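Here it is, the structure in full.
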Amino acid sequence: MRNFNNEKRYGFKDKILKSSTLSLLAMFIMNAGAFAQEAEAAVSQIDKGDTAWILISTALVMLMTPGLALFYGGMVRSKNILGTVMQSFVALAVVTIVWVLWGYSLSFGTDINFLIGGFDYIGLRNVGMESGPYGTTIPHYLFMAFQLMFAIITPALITGAFAERFKFSSYLVFLVIWITIVYCPLAHWVWGGGWIGAKLKALDFAGGLVVHISSGAAALAAALIVGKRKGYGQVAMPPHNLVLTLLGAALLWFGWFGFNAGSALASNGSAANAFVVTHIASAAAILGWLAVEWIHKSKPTALGAASGAVAGLVAITPAAGFVGPLSSIAIGAIAGILCYFAVNLKSLLSYDDSLDVVGVHGVGGTWGAIATGLFASASVGGVSGLFFGNPQALTAQIISVIAAWLFAFTVTAIILKVLDMTMGLRVTEEGETLGLDLSEHGERGYS
Amino acid sequence: MKKIEAIIKPFKINEVKAALDEIGVCGITISDVKGCGRQKGITEVYRGAEYHIPFINKIKLEIVVLDEMLEKAISAIQQSAQTENIGDGKIFVLNVEEVVRIRTGERGPDAV
Amino acid sequence: MRNFNNEKRYGFKDKILKSSTLSLLAMFIMNAGAFAQEAEAAVSQIDKGDTAWILISTALVMLMTPGLALFYGGMVRSKNILGTVMQSFVALAVVTIVWVLWGYSLSFGTDINFLIGGFDYIGLRNVGMESGPYGTTIPHYLFMAFQLMFAIITPALITGAFAERFKFSSYLVFLVIWITIVYCPLAHWVWGGGWIGAKLKALDFAGGLVVHISSGAAALAAALIVGKRKGYGQVAMPPHNLVLTLLGAALLWFGWFGFNAGSALASNGSAANAFVVTHIASAAAILGWLAVEWIHKSKPTALGAASGAVAGLVAITPAAGFVGPLSSIAIGAIAGILCYFAVNLKSLLSYDDSLDVVGVHGVGGTWGAIATGLFASASVGGVSGLFFGNPQALTAQIISVIAAWLFAFTVTAIILKVLDMTMGLRVTEEGETLGLDLSEHGERGYS
Amino acid sequence: MRNFNNEKRYGFKDKILKSSTLSLLAMFIMNAGAFAQEAEAAVSQIDKGDTAWILISTALVMLMTPGLALFYGGMVRSKNILGTVMQSFVALAVVTIVWVLWGYSLSFGTDINFLIGGFDYIGLRNVGMESGPYGTTIPHYLFMAFQLMFAIITPALITGAFAERFKFSSYLVFLVIWITIVYCPLAHWVWGGGWIGAKLKALDFAGGLVVHISSGAAALAAALIVGKRKGYGQVAMPPHNLVLTLLGAALLWFGWFGFNAGSALASNGSAANAFVVTHIASAAAILGWLAVEWIHKSKPTALGAASGAVAGLVAITPAAGFVGPLSSIAIGAIAGILCYFAVNLKSLLSYDDSLDVVGVHGVGGTWGAIATGLFASASVGGVSGLFFGNPQALTAQIISVIAAWLFAFTVTAIILKVLDMTMGLRVTEEGETLGLDLSEHGERGYS
Amino acid sequence: MKKIEAIIKPFKINEVKAALDEIGVCGITISDVKGCGRQKGITEVYRGAEYHIPFINKIKLEIVVLDEMLEKAISAIQQSAQTENIGDGKIFVLNVEEVVRIRTGERGPDAV
Amino acid sequence: MKKIEAIIKPFKINEVKAALDEIGVCGITISDVKGCGRQKGITEVYRGAEYHIPFINKIKLEIVVLDEMLEKAISAIQQSAQTENIGDGKIFVLNVEEVVRIRTGERGPDAV
């Protein structure tokens, strides 16, 4: 439950159902054992059904990063397959350690001026098996891990913009810095008690701003600063293995159920709603993308279906806890159409966003955030959007979108400029010709 | 001895093989190649971007035959590989100076 | 829980456990908030453990369709890989929209004469976050979504019969019609209060009739009407990538836990039983298939292992909630052997059921339905089969099997004949030679 | 929860919470229906949240075996891809049947002299939908199935040692014998009430001894007895498809959440802790492996990342319920470094452990078992290790490690020697040259 | 008629194709090959074990031209494929005795 | 200058390469091909259906050598590739009229 209203409504009810008589009873009967009195009280609030759902949701979101690796990996040339997959894979490693040491604390520690989290959770101090301030019916560790998986996939998404040419060592440094000074603040603003969620009260159920706009804006900065691939525009660079891309899309879709429905932080009706609209939006977006592609280029493609699915999933992300199924058809279908054109714009504007992060995540995320302000219905998530008579919701969404774009674009651009001047961003020309697999990793994908 | 190199459409390989079997030519080496000629390639679309792929998949046959078999082999291939559509391919004939059978070390016509 | 007896037994108990004192209490304490009185009462019945299990089960069943795409995709020639995968992928999109708009209502709406569901759930009207008449401890949305995943994979299964030659546009139309006039009625008859489940009281725990016999019968009609692939019988058409097929089989197996154990609609002993017998039957069927293949063709193959696994999973599907583990060894082993021979029959009869949908799903599903009538044990699911002294169970099963075969075969044949006369069913000869990937989608799988 | 202390602590609390007033109430209200009085009482203890989590955990662990098949499959030459995948796939079939018939009983039947389980569960007699003596809040069937998945993957792990040369028929026989006389006793000793768990009280949360050391020790025996691949050391044998290996590693990682966090046998704080430390250790191990590889060979590789991930997962396995997140960084990082060197030792010692089972599972598992004795913290799992002032824990760990190595190595060596003299272990030279796919299975992976 | 066989670096294929288009040579067959020569292969590392891979990916072009086009074609290829680094490849010229167009059965220079 | 085309069993490539290294032949181009000859292909079984695959994987070596190296190279290949089992392959020799080194533009024997 990423939204305070909801948190209260469901959280409250569940708490009562589970704990009223029972926890009182339990308190008397149980011996306190190895746990402090305080911890006991907390533990007794943990709901096993909620915990089961968030455990598996966390695993599902983790799987999205390898899914993304395949999705992207299939689209590059075969000489770059390992380099591309590695950029996602190593994000799993680097971001995890950063998150445990300081990232979680910056994002979800006690709020400082609505801007950043405090140091209370540094090294996971004060985070434990009991429940914490977020997701009050699940272990705090679990909430931390669930959030971690979001932090991992976000920078991995960006890598699509500079595929086939980025230096591995610089990428590692980029990862650490970007998570720390772009992702953590933004996550805090939206979900950790910062100004976007707590004051502006903009809605972002599962990461339209935090994950998709932030990665899309960063991708735009990266595509502009890193520059085009050698031969881009002159040489055909068709995807080397679309089966990988389709498999990746399927794993993303599968994982997205954890991403969106898990964001209810409970195993309840809200999770079911998020689950359903997520699936529907993805379906509608496939049809939207294929239709427009069919008309425009005379053939509906498999890559189009995969891209449409992802576009729909992106767009429904911020809305999943706030809109109903019929709205999700509209949100998805429009996402499919919009992202198709956004992706095609790239060749007009002349930057090489190699795997279309801007067109899919930037544009799709933006549409989703705005659509939340349009289609949100109080009967679903407690808040109404413009179409249900509440224009303010839309205003809040628009402000939040602009803020996220500006912040992520600017800070990413600065990071990359500095890295460019120090470590350099690109592999050598020779390395690019040879491919990242051999030049950066000394391996080949296929022998 | 002559070497026949034939470029054919991939789906014709079974028919060509059968035609060669019939006239008793059984030593054949094939490989996947790509070609362009009058047939102008195909256009693929990825996320709205069109790529023209100038080369089309073909199969190359390499067959070394004794001089007396040459004409028979050429016409077997030509007839079985023909679809009368553009892109049917070519047959080239080159002269072979020596043939060695690796297994036995035999040389010349016996080794073919 | 797909069976009324069980539904009552477990559902009742759970309801009491969870709601008796608690929901009364909750009613008094809670303020009704944004929800109507009625909704509240319903929500309070939702069990979070059950919901968690069905949420993830639904995701698992969704994953089966991409799993099937790989399973099938690996068996075709490489020029048709994308076309084959697309047939499954696009089913995810098309069936979802059909289901939301009218399919769910036709299947599970208020019964009309034991024949079809009414219009009460059109556009998901009256379906929501509260529980509904099915799966009373989970959100109604979730039951709808769980059922949707079954509706998606069923027509996708059929595509194996006409692989490598079907026109994409005609397939889309076929999908919409088939779901509406074959799948929805059948699902209603068996699970929605129609004559097979409610009057005949035939048993179908997770879709032996609805999913496997229906797709198998449709596949037979399709293989006969669509006709053979160009060169079939003359040219070798070996699978282009059996690793894809094995990966697909693994994902199917994994997803099938959701398919079968999720069909308990609860996280309980019945789900555990279904889980266990599902796994065992698959294992036994692998051994059955490999053994007979080893004897018959002197080598046990990887494709045989994958095929055996699927055959076992198919056969146990209708039985999963009604039979115990030792019975499942028998059901699985016989399924493996039977399907091996069924698949081999194809070359005698002369139709080109390219990926053996009839042999595996038709025959396997039929065997499973009959086996349910033989091996069902009251101690497992409350109903006995022939071997436990109840011959009537077998009769009901046989009638239901015949009905499902006749209905699905006939209606599918009519649909295809009409489509053949209007849009045409097959790609052009040239397109078939070139491959579906290029001719229908303008792409290649591998570059 | 694999440890008696924990079992008691959490189990007790949960039981009280769920059953105290409620089950009494339920007893009175419910009619006993088809179940015996006894069964009813048992059923009423089943927690749906716990059951949901273990259902999905069991599915996750099942998926690890196909994951392993891909992980290994990618590393062999393409002519052996199916043969390699089959060794894992068929373990799913064979071990399942063995487990149901006698394996589970030998492992978890009533203890006989701390050495072996009795025959009470032969053919799953006395195992049912109610809860059993292990995992008292989940159906006994489910516990049995969860344990089964561990029994499947363990011998599959060994196959990496003799990849590309083992005879399929001999492998089947090996599987049956090895499970029966190596795995079952060891599982009993550690988890089934045998001497290691119940008397020595060594800690093994999720299988450091039972799964990893046992497979690692067996692998060493196998590599020595089976002998080197033809051409080993003279001919380059690079992995044929590292994308498969990376995908396999991702599926292993995903499944490992079920493996480790599922071993809590409940959906609670302990599961969350196991989940978190599992993920962190894997991340840290990737960084450890890549760092040392970068220094040693000047390039960080994708295969290194995948190997590091698995090394970390292996090492944290025995410790997952006993150590906290910061300890898991240390355990993981050291595992990555240690296994890198262990793998490289192979070329000095001269045996052909083809896919490095000894280096990764043997060494990683040993390190993990010892690390558990070092880093265990009473605040996590109720037991302290050396670093928290309890040197005895370390002693117990070391004894258990030595016992597991000696037992698994010796008995495996005997099995293989006997098989070598009877059936023969290796395919013919010609078969090895041709590849297992054609010689053993009559198929090719790719056409 | 002559057959040109050229071994080139893979990433040069587009430039070479363009150069041949320019001089009006449109019948080309290409295939993936691996080569060794002065350029000595690459070293790959798998789990710390180093493998020396002596063969490097190249593309082979096969072009049959009329005698009068030979020199033009050779220099078009040579110039467009050149990077002046080691491993640029070779051009070989062989004599072709006969050419047949499969589609029509035409023979000789007309069939090229 | 002569061109040697040798079809060999794939697993022999390392030995052949070593034998050629020894006599100082270092320019080699190889490719994956499939062949049929006396060795009659293999039978694969998919779901009980048998497919006869007439073509067996082979490797083709192409080596251009100076005339004086020809015999040495032939016998190096023949001996190192031999298993004395059927399917060992063939060596063909063709005449090469011209050689160009792309990197330098050199021609003739110097370019080999």
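We call the chains A, B, C, D, E and F, going by the order they appear; numbering starts again at 1 in every chain.
The rule we apply is simple: a contact is a pair of C-beta atoms (placed from the backbone, for glycine too) under 8 Å apart; a residue touches a chain by one contact, two chains touch by 3 or more.
No experiment lies behind these values; they were computed from the predicted model shown.
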Enumerate, in label order, the chains that touch subunit E and subunit F alike.
-> B, D
Figure out the least number of contact steps between subunit C and subunit D, where 1 means they touch directly.
-> 1
Joint neighbours (subunit B and subunit E) are A, F
Same residues or different residues: which describes how subunit A and subunit D meet, taking over half shared numbers as same?
-> different
Centre-to-centre distance between subunit F and subunit D (centres being mean Cα positions), rounded to whole Å | 47
Euclidean distance of C-alpha centroids - subunit B vs subunit F, Å = 18
Of all the residues in subunit C, which ones touch at least 2 other chains?
-> 21, 47-50, 52-53, 56, 238-239, 297, 299, 301, 303, 442-444
Residues of subunit E that touch two or more other chains sit at 31, 44-46, 94-95
Which pairs of chains touch each other?
-> A-B, A-C, A-D, A-E, B-C, B-E, B-F, C-D, C-F, D-E, D-F, E-F
Within the complex, which stretch of subunit E touches subunit B?
-> 3, 17, 26-31, 62, 64, 94-103, 105, 111-112
Hey, which residues of subunit B end up touching subunit A in the complex?
-> 44-53
In the complex, subunit E touches subunit F at residues 2, 5-8, 31-38, 54-55, 58, 60, 74, 77-78, 81-95
Residue set of subunit F touching subunit D in the complex reads 11, 14, 42-46
If you look only at subunit C, which of its residues touch subunit F in the complex?
-> 236-239, 293, 296-297, 299, 301, 303-304, 307, 340, 343-344, 347, 356
